[in-house]
Amino acid sequence: MDKPHEECGVLGLWSPEPLPVADLLQLGLFALQHRGQEAAGICVSNGKDLVIEKDLGLVTQVFDEARMQRLRIQGANLGIGHTRYSTTGSNLRFNAQPLNVRSSKGILAIAHNGNFVNALQIRQQLLEHGAVFQTTNDTEVMINLIARYARLNLVEATARAMRELTGGFSVVLMDRQTVLALRDGNGVRPLVIGRLSNGGWVFASEPPALALMGASFVRDVQPGELVWVESGELRSMQVLEPHPTPCAFEWIYFARADATLDGIPTHPARIRMGEVLAQEAPAVADLVVPVPDSGIGAAIGYSRASGIPFDYGLHKNPYAGRTFIQPTQEMRDLKVRLKLAATPVVAGRRVVLVDDSIVRGTTSGRIVQLLREAGAAEVHVRISSPPIKFPCYYGIDTAARKELVASTHSVEQIRQLIGADSLAFLSESGVRQAIGGPVCLACFNGQYPAGQPEEEVRKEALEQA
Amino acid sequence: MDKPHEECGVLGLWSPEPLPVADLLQLGLFALQHRGQEAAGICVSNGKDLVIEKDLGLVTQVFDEARMQRLRIQGANLGIGHTRYSTTGSNLRFNAQPLNVRSSKGILAIAHNGNFVNALQIRQQLLEHGAVFQTTNDTEVMINLIARYARLNLVEATARAMRELTGGFSVVLMDRQTVLALRDGNGVRPLVIGRLSNGGWVFASEPPALALMGASFVRDVQPGELVWVESGELRSMQVLEPHPTPCAFEWIYFARADATLDGIPTHPARIRMGEVLAQEAPAVADLVVPVPDSGIGAAIGYSRASGIPFDYGLHKNPYAGRTFIQPTQEMRDLKVRLKLAATPVVAGRRVVLVDDSIVRGTTSGRIVQLLREAGAAEVHVRISSPPIKFPCYYGIDTAARKELVASTHSVEQIRQLIGADSLAFLSESGVRQAIGGPVCLACFNGQYPAGQPEEEVRKEALEQA
Amino acid sequence: MDKPHEECGVLGLWSPEPLPVADLLQLGLFALQHRGQEAAGICVSNGKDLVIEKDLGLVTQVFDEARMQRLRIQGANLGIGHTRYSTTGSNLRFNAQPLNVRSSKGILAIAHNGNFVNALQIRQQLLEHGAVFQTTNDTEVMINLIARYARLNLVEATARAMRELTGGFSVVLMDRQTVLALRDGNGVRPLVIGRLSNGGWVFASEPPALALMGASFVRDVQPGELVWVESGELRSMQVLEPHPTPCAFEWIYFARADATLDGIPTHPARIRMGEVLAQEAPAVADLVVPVPDSGIGAAIGYSRASGIPFDYGLHKNPYAGRTFIQPTQEMRDLKVRLKLAATPVVAGRRVVLVDDSIVRGTTSGRIVQLLREAGAAEVHVRISSPPIKFPCYYGIDTAARKELVASTHSVEQIRQLIGADSLAFLSESGVRQAIGGPVCLACFNGQYPAGQPEEEVRKEALEQA
Amino acid sequence: MDKPHEECGVLGLWSPEPLPVADLLQLGLFALQHRGQEAAGICVSNGKDLVIEKDLGLVTQVFDEARMQRLRIQGANLGIGHTRYSTTGSNLRFNAQPLNVRSSKGILAIAHNGNFVNALQIRQQLLEHGAVFQTTNDTEVMINLIARYARLNLVEATARAMRELTGGFSVVLMDRQTVLALRDGNGVRPLVIGRLSNGGWVFASEPPALALMGASFVRDVQPGELVWVESGELRSMQVLEPHPTPCAFEWIYFARADATLDGIPTHPARIRMGEVLAQEAPAVADLVVPVPDSGIGAAIGYSRASGIPFDYGLHKNPYAGRTFIQPTQEMRDLKVRLKLAATPVVAGRRVVLVDDSIVRGTTSGRIVQLLREAGAAEVHVRISSPPIKFPCYYGIDTAARKELVASTHSVEQIRQLIGADSLAFLSESGVRQAIGGPVCLACFNGQYPAGQPEEEVRKEALEQA
């Protein structure tokens, strides 16, 4: 509900022999569904034909039997896929990815997770040279940049484009013969390499996609690295000097509990966040209650470090995923009540309520209220990440800065707003300690390791054309 | 997945003044969605007009804006609702409830949860008197029986029908003026009474529906009791002598974790089942892992009583609710893998895997395999209910008897089948102890407190005509 | 547009051997689509299973591939079908036919075209004996009446019901073994018998359905006759004394131009109506222009008898069938303009505009205006039937009496209303002469050969039920 | 059925003040629906925002209420629209028009009817300069060509593009402020100018679109002319020297019967074609029967010139527009039988069957057979255009050349194929005489006035990209 949104998941596959490529990509996208729920797309090729299907909706909605039939072309051996989170706009369908274009290098298709911070400047240069754009996607800028280097081959042209673009991005790219994958110099967004038992290669945002596709994990793509398949072999070019600062929010919330990114598994990191949080901000209480499902890992850690029993004090309605119930009567907090209800175990108990983050704060306030209505004696809110105060320019939709409660309120003001008996956030050093590697914490501290746009009006500018 | 299915949830509402009845019933049905996911229906009246909308699908699918508009009739002050689980058949849409008919008593609408064990005999008698039926629903039998008593008023005719029917059933019934609710003499299926702040009355299968509708819990309908609203007052008639044996599975699995039925809250009962199970069947292990979400309560209890840490060793894909991915490649256990994945915390650990029940056993075997693939050293399966060996005749779809693994296999044979290092079920006395009240355990021990059909061919017979 | 609406088309098929019954019925219904566009249904059986599919929509919409698959049961050799025109109501889907019920005679399915004028009285008697109804259809009354005679066999019970019911009706009825067809004593609505090359039998509202199903025309069912298939033979019982007065509107407008009913082909009858009309009401003009498509036959006749050239002065947009364009700007007569446009041939010409009937008169006025805007010098409207002044109680939805322009206005007043230079209707004797057989002219002269309801509030009464 | 397909209809509107632009364009497109039934699109602007909605489907399907709401932007005063006929392909949705792009000139949207014969060469040049394409549409080539002239203003750049492109094309183009319309030097495809009562301007493929939008006809756009709105005035530039050869098929079949193109009304021209045909190819017969609706005009002419009575010998099922009935039984000619049925008037008569054209010949054969089955004594087929022997490169989808029956068979061979007693086509000079102006007859005689592609593999080449 009140969570930052990951903007995309990407996927690529190359096999030395024909495979049910579309079906495998569908499985992989399903495993990446949490990274984007608004649109999905798959592109496959058999070396000759190239077919693309994409639309608004969940993976299971977009890839109905009719679409899968069209994607199941004879002899397919490579393809890419994409899931996307988007906000608003009438032309959304045409923003769905993979984006495919016909260029001097033949047909190209591209799937992208992240953002280029200098997209606007490059776009302007391309427009002045007579380029036309169909969307306001960053992705179209990258593909035009690659096409512009008409005399370079695809690998060289892509490397050249990587050098011109700044920001946080993981990209998978294909033509009719091969698949390329690349990660920005900071490795802000994740990207991993897997191997199929037949010698094929898979690229994916997270390892669980490999598992569901039957591929084994090989390694992460390195920050600044461009990899591709040539003569059946995985080739690599370290295009940019690596300065690894992967996004901390992948471990805090985004990535699946069964994922391991850059060598660090997420669920144990979440337990450690809860443990450190219990040390930094102890509470005298009877029960540790997670906000399901986002607070479960940290709640287990908090319970272990504090010795306070873990319990399931909030029931989550499993049918609440995408409900559009619009009641006519006044019930301000209905959205939360449709998803969550307090269980009777909280009655008369002092509760530690654990969640991973607070964006606007409204949801947290409603959950505290649910617990109080069910008779909780005290509610101590513990958040397993620092206050979010700054926008993300690398592919996360946090919210407009003015909507970020922590950018305009002190912790004590937020506590009063949500009606908790006490409130504490995990410290920046606590996050670093729990994850145990270098990370981007820009949304917490405003330090942008991969640069930031010249002006904040960037997005509006893109919309103007 | 491999769970028994509740067949229905029912709902009724009467208000002394106009209310957005359809919207309130939609909210209540949404809270009862777990009791039936195949069809839903709402019937509302303003004392003059009576409108009914029902179809196959989830509550949020069936009640789209167009249907809600048709249900929002001027001055509506009463209505009933239904969610339904069904198995197969081409004519399902016409089996959706509420069922409404025009009789000598005017228009009646009825919503039913449970089964009549003597429906076939009564149906046969009615046919011979010239009645016609449009479905094979038990419900149509009851409504014809009520209509047959053309000289009695609706309350008397309904009481008379209650006396003739045997089995386990909770029913909500309405005409244009009032709402009636009733429960069989054993109170097999739950039914509760709530009060709106404006003096109105609500009847619902479970208390969480009251909460979402803004009603406060008053009491359970008693076994054998018929209640109705007359002159704004709740009237009651104890039609049948009460022999309370509510269904144990409501506490084991069906009812929501935030529900309290017949005075006993479900989630604490599940924790107690886990605690008793830990005493009856201890294990030497490093982690207690629930099958999400069905095993969470019992796993917390098992962890508490055994001192073995609780952890989230299985990740559940929240998008796996209703997926129709049909891969072409061979991946036998894909259905489980789409829903569940083992997290890295189980690697090298001895795991106690806790779930609430085993029906066919196939799913349990696949989950054990997932844990082993993720490196679990040992897997000890603990089930917080006894082996299911007998069919339910009171509204639960367990499975055909020959499909019930426990009716044809010993516990040791099941252990081998699912590949566990050890396997134990909670005892019948353990269930009784954990719940703490009289319960129906017929699916475990074959003792049917509310009678059973003359012949097991009952269902087939109904299908014939 | 401004036309009376036929309420239904019916169909039945019996074959001595398995056939693709559902596909044949779908073809037949497609040929009867003009008799009802709101709902369609098919019921098939193989002697053991009986499957029914029906829904709101055109035949091609209702019978999508999924529904056809469910109807294509193994070994099917009999079935019935229905197309329906309905007016309004929220519960329409449940009013779709065939209606099927389970009775003491097993499963029955029924499809009905027409109305019973004493349905209300019989329904009241049945209610008092404990019957319940799910719809306000006349059809449900008939089926309950048949079920009531539990000791008679199906043929005898049906004959008995025919004797009790009055009105204008053609009915097709089936159980798992056979198909029955019957027509009221006046033969108000058409019904014909066809033969398949394999010895099977087909019943249909109009002969073109036989043709599309590959059956050859045998004869009309006689007024008051009940026919059925027994041991592969067509059996017949003359249940009621025949007083043939088939509905004149079948020849005027309803029945297809390629149909022959009760021995009289429709298109030549329409040409004769135009010829008689030219004699009764000549005009001095340059062109005879039909309103497409309803006025084509009569316009050809008028042109032939008058010697004035026939021309295509109005273009009909073939995509205008079911348009829901809702313009925001003011354009009162848009509905007509979306369908029709005057062609330049009318400029400066004196036009005879020929149509089959006028109900409300609004459409005629707008067409006259279109012709004038295109430069027609004079517009002389000629209608090939008398003014409609009375409601039909035998299955035609004319319009409420007060909406019938001819029941409240003189011909001269109508002429002024529609802005014509002259207006004339065909006389009653002209209709009789053109058709050449006995016909029901109740909607023109108020003489109801098959009786009329006790009170005109009949329809409202049924709704209260 | 067996007809050439027009590929598109185009529309543009500019108003000095806000109007319900989307609703007016929807009406106009509805009037142009016959020019393309596969996809439709509308683009509107208020000078600041620009919204586009397009999809596969008929105008009434694409523009549902949700899409219309999105198109009804505040203060809209200009827009363009498109209806499209397409053949096959998975990516069709992205080929729907208007096409909109963001270029150095801001956002542009374009709608196109016709084909450029040198599109491939120009595309190749653009690719080599780094351009990328998303479709294989000619239209994208034109828009890239315009964008390439980054230093010219929009009018000048468009004029420059007109000079580089050859072929037959009518185009409507807009940015946020104005609308442009242009026609190739031969004026192959029609395009007309209309005026709104508020001083606004409308461009449309055919005049009936003007009429439905409430605009009055002003004049045709001239061959080689570019027109646009500037300061509320209509400006014009004669970019190319005019060599008028409009497509004869617009008068033979495509354009609506109420249209007047380049000063010549279509329906009277069709009547004259029938009259000339009767002189060129008389027949001894009893009835002249049109194939509805394509042969009506010529049949009236044939009847008038020959004195043989016109009659409605074939009934067209008005529901046959888009049927997907797929019968399992063998009925080879079902597709025709679903649409057409012979009426009894042909029995025993010698029939002249009149249609506008023959493409493959299969449909004609089946219609002859229908007439014979209904008892026609003789069937003399008369076609009101010459045999089609050559492909159209100017926007008409005739069929592959080898499928054109007349390119591989003599008239006598075709007669035998379709089973007619006699067969005759109108001569080329007959067409010229009936239309009375200069026309393109390339599909009849292979003389291409606007050039032809370098190689016939053009289309395949485009697909390769």
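The letters A, B, C and D name the chains in turn, as written, and every chain counts its residues from 1.
What we mean here is this: contacts are C-beta pairs under 8 Å (C-beta built on N, C-alpha and C of every residue); 3 or more make two chains touch, one makes a residue touch a chain.
Only a predicted model underlies this, so the values are computations on that prediction, with no experimental measurement involved.
Taken together, subunit C and subunit D share no touching chain. Seen from the C-alpha centroid of subunit C, the farthest chain centroid is that of A. Chain geometry summary: the mean Cα position of subunit B and that of subunit C are 48 Å apart. The geometric centre of subunit B is 60 Å away from that of subunit D, both derived from CA atoms. Not a single residue in subunit D touches at least two other chains. Contacting chain pairs in the structure are A-B, A-D, B-C, C-D. Within the complex, the subunit C residues that touch subunit B are 51-53, 70, 90-91, 94, 100-104, 106-108, 127-134, 136, 143-144, 147-150, 465. By the touch rule above, subunit D contacts subunit C in their complex via residues 19-20, 23-24, 26-27, 30-31, 33-34, 37, 58-60, 63, 65, 68, 72, 208, 211-212, 214, 256-258, 260, 265, 267-268, 271, 293, 296-297, 300, 304, 309-312, 315-319, 321-329, 331, 334, 337-338, 341-345.
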